[in-house]
Amino acid sequence: MEFLYYPGCTLSTTAKILDKQARSIAAALDLSFTEIENWQCCGATFPLNADEIAPKLAAVRALIQARNQNKPLVTLCAACHHVMKQVNHQAKNDADFRTAITSYDADLFYAGEATVLHFMEVLRDYVGFDALRDLLEYPLKGRKIGAYYGCMLLRPSDVMGFDDAENPQIFEEYIRALGAVPVSYPMRNECCGGYRAPEDALGCANLVERIAKSAAGRGAETLITACPLCLYQMVEHSGGAVDVCYFTEILAEALGVDDDDDDSND
Amino acid sequence: MINIVAFCCNWCSYAGADLAGTTRLEYPPEVKIIRVPCSCRVDEQAVLRAFARGADGVIVCGCHPGDCHYSTGNVHTQQHMHTLFGLLEFMGMERQRMRLEWISAAEGAKFAATMREFVAQVAALGKNTRYGATLDSAYDNTHAIKLNSATIKEANHAVHEQILPHMRARAEEKLTSGAVARVLAWGSGAFDPSPAPMLFTDTKTLARMAYNPFCAANHSKYLIEASRESGRTLVFLRPCDAHNFARLVTENQIRRDAVCAVGIACGGCLLETCHTCAKIDHPMVDETIDIALTDRTAANPDARFADIEHLDGETPDARYAFWQAHLTRCIRCNACRNACPTCHCKTCIRDGSHPMEHLHFHITRAFHQAGRCTDCGQCGRVCPQRIPLHLLNRKHIQITEEEAAT
Amino acid sequence: MTRVIIKRIGVFVCHCGSNIKATVDTAAVVDAIQSDASVVHAAEYPYFCAEGGQQSIINAVHAHALDAVVVCACSPRMHEATFRKAATRAGLNPYFVEIANIREQNSWVHKNKEAATQKAVQLARAAIAKVKRAVPLFPGESAVTKRALVIGGGIAGIQSALDIAEAGFEVVLVERTPSIGGKMAQLDKTFPTLDCAACILTPKMVEAATHEHIVLHTYTEVEKVAGYVGNFSVTLRKRARNVDMQKCTGCGDCYAACPVKRIPNEFECGLSNRAAIYVPFAQAVPNVPVIDRERCAYFRSGKCGRCAEVCQPGAVNFTQEDEILTIECGIIVVATGYQLLSPDMFGELSYHDSADVITSLELERFMNAAGPTGGKLLRPSDKQVPRRVTFVQCVGSRDTTRGKPYCSKICCMYTAKHAIAIKEKYPDSDVEIFYIDVRTPGKNFDEFYRRAVEAYGVRYIKGQIGKVVTTGDKLHLQAVDMLEGRRYNTTTDLLVLATAIEPARGAKTLAQMLNTATDTNGFFSEAHPKLRPVESATAGVFLSGACHGPKDIPETVAQASAAAAKAIGVLVKPKLVTNPCIAQVNETQCNGCTICNAVCPYLALSRDGERGCTTVNAALCQGCGGCAAACPSGAVDLLGFSHAQIHAEVDALCLQPTTHANAAPIKHTNNAHGGTTDD
Amino acid sequence: MTTVMIERCMTCGRCSAACPVAFAMDVPPHFWAVRVRQGEGESLARAEAIWSCLACFCCAARCPRGVRPVELAEQARSVTLRKENHTATFADETVLQIISKKSGKAIPQQLIVAAMRKKRA
């Protein structure tokens, strides 16, 4: 199965490890990932003003490539994923938006035809968790792992279509497939406060503490996340209450493709 | 003075008109109301009749969607009138002369306002001379639109040649075993390009069976008669034949159990409609012969509505002139209705009507196929006057498809 | 139908005082229409609707041997019935009367006298043209099967069944579960009087089961409905209980002996367990167990049979099969009730995550003395009495995104009831209620709610809960207090969700079987929201209770009795009179293509396979005429509004009056649609 | 002025109950739609709350009426920024601020971009 891969700016800088792990996993699972040509930063946030067109064009250009090559567009970073799905949804459902992008640049004619997938959705829907279980070299027996979803993968749920926004299960099923014990805790879909990180360290610490406590209270030893900003926030503010890593790390480990090369996560 | 006929449903619009009266809301006396139990009672004949007798505008009024006294009557009204008005417009009648409006029993003011507006709109157009009471001899033939219809493309004769032996073999096998009493297939005529549907009952005659790009007749209609004979009938159906076959079975015209239906691959024939045909499936058949060979490479389904759009782009005057030029040549030979697989009424509603009503005959003929026509193109094919009758059908197909898409 | 050739028409032009006469020159109308050869008498009069006016029409019919009457007057919606009765008194068929509406649709909406007069003449001519093509019509009759079918054995169905049975008609009461009683049987107390639900319901259940006119079928579902008002034929599937109803004594030995015990009890909302052979609750009617075949060890593996061994009367019967019954009945009462919306889609409230988040129906079971805790309110997690109980209203109600757009109507009141009940039982406990609006319209309702606040100290907080987090034995609530305008974070021991109510499972399927409509929310639609609130759009199908929308018990019972009264109104009739203006099929023209069948909203048309043509069920046809318009060959016509009549009206209105006045009468061919050739 | 369906708000308060930071806001989310509806959008634009919004979408996700307060916050922010004609310089300062404060640590790129977006007119 062939996919177009959109790494995004964070995965090219501070979260190279996420990129690397994903690529090794894809190779191990026989998924063909072609990096999208000349990609531009997605903008990290989806503008909620109807009149802001320019910040969405980078996403439109990536989506057009996916449509033209007739391959699903795969993302890893929660922010990129959020922006891609939001822009795709708007292009599909908002005729004014379509007119606006075409007026901006006549080459940009796009109506939401591409499919946007998160790497986790590829694992679930194209590989299958059951098939994944059979491929493991080193199942994570007995490990207690909690999923930290954060905001951007889940909400708004009608656009993201990722999972039930209030009681998501996809990461838990993934953890279970890897042989570990999923730890479900109520705060797993709450916000880490990332958007306020520059100006309000105290507020962020507060939010992260509530999440970490909730997870630790249910016995999670490790938290996995798909978002570099969530990971950064957890590392910054949780005071080491729980161990946090990318969701790809545990799979790389279980598959035995984790080559421990640490050019890395910091 | 113009003349407007308003068909009003008893429960909403007629009561709304009464309310306009009770509250003394004036509207022009050109409007005359005919009371019907439900707007769905208004058929195309009533509307055509009104125009034929000199009405300059027709308005049909019913309950708002969801409020129908008979629960879903107005849904049918909407479908019927939308199609009928679209067809008339396509044939050059001004759309402003026809209207469908939802008016509730509480909307006296809306009734009066609608009628004022509609009368003004029709008055601006003046008396109706199109498809109306008087024959309009003033049309200018020089305006007639030239269609850039699909040019005849090559059919894939290889497909036909490859399949014909299999067809003969299947026919022989079934006739010999007694599984069927007759076989309906094309038989070669005196000349090569004139194969016609034939009933084969004797294996000795099977050599006459033909399958080539000139096999234009649609088999399905012949099954109406054949399936009523004793014993089963084997029939060979291309996708177009099969679609009409399924339609006729659904409409109880073909006794399904009396037919052994064999789907065959189609290489296309030299029929106008083949050039935009996208059908490759064979609904309701019992068995198939090499249907994977069906070749649509020469067809261009995207061009299906090209002529329609071309005509739609013209002015109503030009469209009217186009259809006048064609339809006044009609000699009412009824070949179109005899060949049409969905025209199967025992008696035709338009039998014995006035020459002016030839025009209405064709509107009616096309309108009655709405939602049923499979675009097989037989109507246009058989017309000795070369009237492009299939365009009327395609117009309502376009209307229906657009409606389904919204 | 014999065609009567109408040759002698009388036209009566009414002045309606000055209402018509002021704008229409009535004398000119009388003059003008006499040019029609068929009009043998024409007259004007100030008020034809008055007794004198009617009498003058009757006299004219006799004097001039009229065979039809046209009245130019007010709207037929006003006096058509009056003039038809007058015609009947004069010995004419009432359908030989046509009205030309020259008041509402002429004199009242036009000012120009000349134009209005001319239009009046045209309208009169249209009416004359129509009546010429009239045929005598006679209302049909159909018999009434003197039996009612009530679907659903909750309080609504029980009440309707009892009322109809008391009127002396036989009733078949069908219930899907093993016992009648419905949701009310699960309740503890009822608002606003706090009387015990079981105490008032169980006597009614027993009465329904023992009533001489009621036949009870529990564990039974409706499979198919055929027929029409007065003559329904309903197919029921009576599921195999595997216990002989006659032999069983209700001793209970079987379920005590059953080794399969850990099945969540549906009646107890899964809060306690039952065996594979069980009665749903102690007061079940009938008190006869059923075997849950999916769980029963005998049915799963063929091994066991303990229940049969201990059953002394030998009532357990593993070979029993589903039974198919056909019930003939005259009317059907739908009383299928409601169910609770699952709170699973509101994940932030942690119903899935914490045992101490429960629904209000689960709370009813905890509070009920016959419930899983014997009436003690114990939190599910640690079986301790909660010190604080928090309620949240509108979980899924008034919610256009994840829930239902409507107000579930009963939650405000039952939550107040729960609060009072908890305070009564545990006066030291702390009860807090989050609400959006408190809605208490109803007799003694607001007083009851105020009592909760004033006498019991229940704390009402205008606000909602946004997130519930469980840590240890506490539920942490992230909430808002709207009156304070700020966030309110608190903890509680037990959280009760007032989840929205929705139509019972299968309501939509049943509605399709009955060919009646449901609203956008899946509740059964009434025929008219104001004037026919307990009738469905399908004649002979009546609505009882919450199948029609959220309702409390008093309202349900009131509607159940109303439905019963309407039903009895049909059942007492010796014959049903049918509307004569119905579809008619010309069988020689019909080729049985069934295009018309598809447009009929009442399934009144069907193809007669033998004759190969469509036939009309006169009892079902409501006379909309959709079929007549749909038929391509004109084989279907609508009596009273026939093709010929409508075309004649069109001709009269469209052909220019001047030419028309001199023209010969329009020729009419036998072919209903056939064009005439006179223009 | 807004694409948010403010008229649907029935002031149930679920947005403020859902918001992880409403407790610290001068004007909690349940007031937002009402303020705009009453023509007091200006006062919302002046509120500190619109800057403390995390854009986490909890308010929108849990609103029973499909109102999206989160969008109002962003729209109010843009109104303010556009009025005050904030330029790129302001945003760049913010970025510098982040980087200087956290120097030496791995600040994810997306945070820098998001912060620029938030503060740029």
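Every chain is named by a letter (A, B, C and D) in the order it is written, and numbering of its residues begins at 1.
Heads up, the rule we're going with is that a residue touches a chain if its C-beta (ideal position, glycine included) is under 8 Å from a C-beta of that chain, and two chains touch if they have at least 3 such contacts.
The structure displayed is predicted, hence computed values, not measured ones.
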Comparison of C-D and A-D by number of C-beta pairs in contact, larger one: A-D
Interchain centroid distance [CA atoms averaged], subunit B/subunit D, Å: 58
For subunit C paired with subunit D, centre-to-centre distance based on mean C-alpha positions, whole Å: 48
Inter-centroid spacing, subunit D versus subunit A (mean Cα positions, whole Å): 23
Centre distance in Å when subunit A and subunit B are each reduced to the mean of their C-alpha atoms: 54
Sites on subunit C at which at least two other chains make contact: 348, 467
Residue list for subunit D, restricted to those that touch at least two other chains: 58, 62
Sites on subunit A at which at least two other chains make contact: 165-166, 190
Chain contact topology (line, ring, star, complete or other): other
Chain-chain contacts as defined at top: A-C, A-D, B-C, C-D
Subunit C partner contacts - residues on subunit D that touch it in the complex: 8, 10-19, 22-23, 28, 30-31, 58, 62-66
Residues of subunit C defined as touching subunit A within the complex: 344-348, 350, 352-353, 467-472
Subunit C-facing residues of subunit B, complex: 3, 5, 10, 14-15, 17-18, 20-22, 24-29, 32-38, 40-46, 49-50, 52-55, 69-73, 76, 80, 112, 133, 250-253, 344-354, 357, 360, 368, 372
Parts of subunit A lying in touch with subunit D, wherever the complex brings them together: 8-10, 12-15, 41, 43-45, 47-50, 52, 55, 77, 79, 151, 154-157, 165-166, 190-191, 193-198, 200, 203, 207, 228-229, 231-232, 236, 265-266
Touching residues (chain side subunit C, partner subunit B) in the complex: 75-77, 101, 103-106, 108-112, 115-116, 118-119, 122-123, 126, 517, 537, 581, 588-595, 599, 601-602, 607, 612, 622-626, 628-630, 632-635, 638, 640-641, 643, 646-647, 649-651, 653-656, 669, 671, 673-675, 677, 679
